[in-house]
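Next, two complexes with chain A in common: one pairs it with chain B, the other with chain C.
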Partner chain A sequence: EEPASYERLVLKNASVYHYLRISLVFQDSDKRLSEAQFKQLIISALRDLYGEIGAAFPFDVLKFEENTLKAIIRVLSSGLVKLWSALTLLGSYQNEPCAFRIIQVSPLLLALSGNSRDFE
Partner chain B sequence: MAVFADLNINYTDDKKQLRDIIETAAHLGYSTVAINHLIDLQPKKQEIRKPASVDELFRQLPVVQGKSRPIKVLNRLTLGVSDASHFRPSADLKYYDLVAVVPKTEKLFHAACMTFDVDIICITVTEKQPFFFKRPPVNGAIDRGVFFEITYTPAIKDSTMRRYTISNALSLMQTCKGKNVIISSGAEKPLDLRGPYDISNLGLVFGLSEGDAKAAVSTNCRATLLHAETRKTALGVIHTIKKTQTVEEDQEQEAPASKRAKTKHV
Partner chain C sequence: MVRFKSRYLLCEVRMSDPPSLQLLDDRSVFTALRNAVSRAHGDYGAGVCGLSFAVKYLNARTGVLFLRCRKSHYRLIWSALPFVSSLESRGQRLPCAVDCLHVGGTIRTCQKFLIRYNARQIQRLLPQCRSEEECVEVRRAVMSCSLKELEEEEEEEDEERGEVSAGQ
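Moving on, here comes the complex of A and B:
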């Protein structure tokens, strides 16, 4: 009788992208900026912390709501820590204090459709 | 799961501002915050004032997001020390829940790690660290349960400070290997605060591992608070909680038949 053969399975989080739902907060709430300006702001945040190589890092703004300044961003999983830390350390836009609030982070876009923390 | 804490919110006389910061902290998910009173110990003695009570600030404490419990607000004293003889344990310290120290020279850093009766040692982030972190004092501090604090607000405000913050943090991590580190805000405005998960991600930039980075905003902060409590007691603190007791008889009946029979024989 042949001994039972075992197969070794290693499961890693194989998803290529991570998705972030973020919102930009200003001290006075009536600040407006366009989608292009929004992306430029994130690129400049990346450049401030990681230089030109960081600024060249690929990410996409999938959705941007101009009136609430909320957005969904797609980023390669390998660059999640870099993008996230760049967003964290951003403190001003055109000399006006602001902050990025990261609302949700997930490897699945579908997970951003709801937020369990908003449940009553 | 340990709850999140931010042990450094700068005190301002502007009560509305302070309220705004604490409300933002609660909204971001911090369960505990500490209001920081900064005092530079000078040769001529400066008065350590009694901190204003938290009840004066809030009629009702804001509720922590996702926890449905009110936020805990503590008072913390940070002493800037430029000479070892200036620091002496005085009765005034007992008004504060936490005591931190900012050592300005290597000698003082050694003294702070090995002998000072404090909970937190602040690492300067606004200028280049003027001395190296040596292994013996850092290990001594870790053994005594004293924590090293890195504040991140200067890193948000200014790119030069950001460089100093990261480089000082990295050189600390080289010596302490990610142990006994807490990261706190040092916020002066609500917009200086960042969420706890953002900070544990930022810890990765400071050279912490993923686990240590999360501990730096949660379990290590809790350990700091417990260490602070032991300062006021002779030896330690014990927390007790009431546990509902299970009825013995029920357990006996649930036991399998074979086991029951055996106990009867004996």
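Moving on, here comes the complex of A and C:
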């Protein structure tokens, strides 16, 4: 019996973590946050949407730029959808309207080093 | 045709003082459970459990509780059960705990499990009787609540009622 002429390969994404580059946008752009406040804001968004059990999964703020309010976040792949949806539904910080913009999402941190949309 | 599949949770409500079980009603249990789910799982959990979540049966004497929820999301309610620490009924806060005994796909399997569970509980508790008379007492109490006797009683009542209405 001759072997099949093709071989089927299934590659599943087995990475443990996903990395997100996000930015926080305020309606009036002169608001300052510290790194701790930023993480607290994300946790409170998670708690609003997914409760105390949902807010208990681990994620890290790897890098936070205070002047541009941009951050890189590492999250377990199983919690990516939860984190993303909680960020999307966040509406205000200390009674000031704000929004999270997800700029890039990748399973590899290196992929966040450049963004083709920023090229001239 | 596709039918909505459900999960039935067979639970037991345990009070710190058992006589206060009599104060329970469906609504207080339902609100307590819904609050527990929304605290443990947030708006998402509350929204998901709003679909076809119901208290099907509550026995205020034994504390047996049947819950119905969608099959796809029963874990949300299941995991929130231990967080119920008190029930509010008629203006009183009653400290309690809710244990999940069985998770079944139909009410029938839950009922079968409940009968087996209760039989096992009796066997477990009988050796704790202090004297022979107590054993006999318990046995007579168990036998006296069989369904057959109830049916006979009901028939007698019906006959009596029939006579009364005929007399009028």
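The working rule: the second predicted complex is superposed on the first by the 110 of 120 C-alpha atoms of A that agree within 3 Å, B and C clash if a C-alpha of one lies under 4 Å from a C-alpha of the other, contacts with A are read in each partner's own complex, and residues count from 1 in each chain.
Everything that follows uses one rule, which is that a contact is a pair of C-beta atoms (placed from the backbone, for glycine too) under 8 Å apart; a residue touches a chain by one contact, two chains touch by 3 or more.
Everything quoted here is computed from the prediction, not taken from an experiment.
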Three-chain arrangement built on chain A, chain B and chain C clash or fit: fit
Touched partner set for A:A56, first chain B, second chain C, both or neither: neither
Which of chain B and chain C A:P97 touches, first, second, both or neither: first
First, second, both or neither for A:L108, with chain B first and chain C second: neither
Partner chain in contact with A:W84 - chain B first, chain C second, else both or neither: first
Geometry of the superposed three-chain model: angle at chain A (Cα centres of chain B and chain C, steps of 10 degrees): 80
Most chain A residues touched (candidates chain B, chain C): B
Partner chain in contact with A:D48 - chain B first, chain C second, else both or neither: both
Distance in angstrom between the closest Cα atoms of chain C and chain B, superposition on A: 5
Those residues of chain A which chain B touches in one complex and chain C touches in the other: 48-49
In the complex with chain A, residue positions of chain B that touch it: 28, 65-66, 152, 155-157, 159, 162, 189, 191-195, 197-199, 201-202, 204-205
Contact footprint of chain B on chain A as seen in their complex: 25, 27, 48-49, 81, 84-85, 87-91, 97-99, 101-102, 105, 117
Chain C residues within the chain A interface of the complex: 38-45, 79
List of chain A residues in touch with chain C within their complex: 47-55
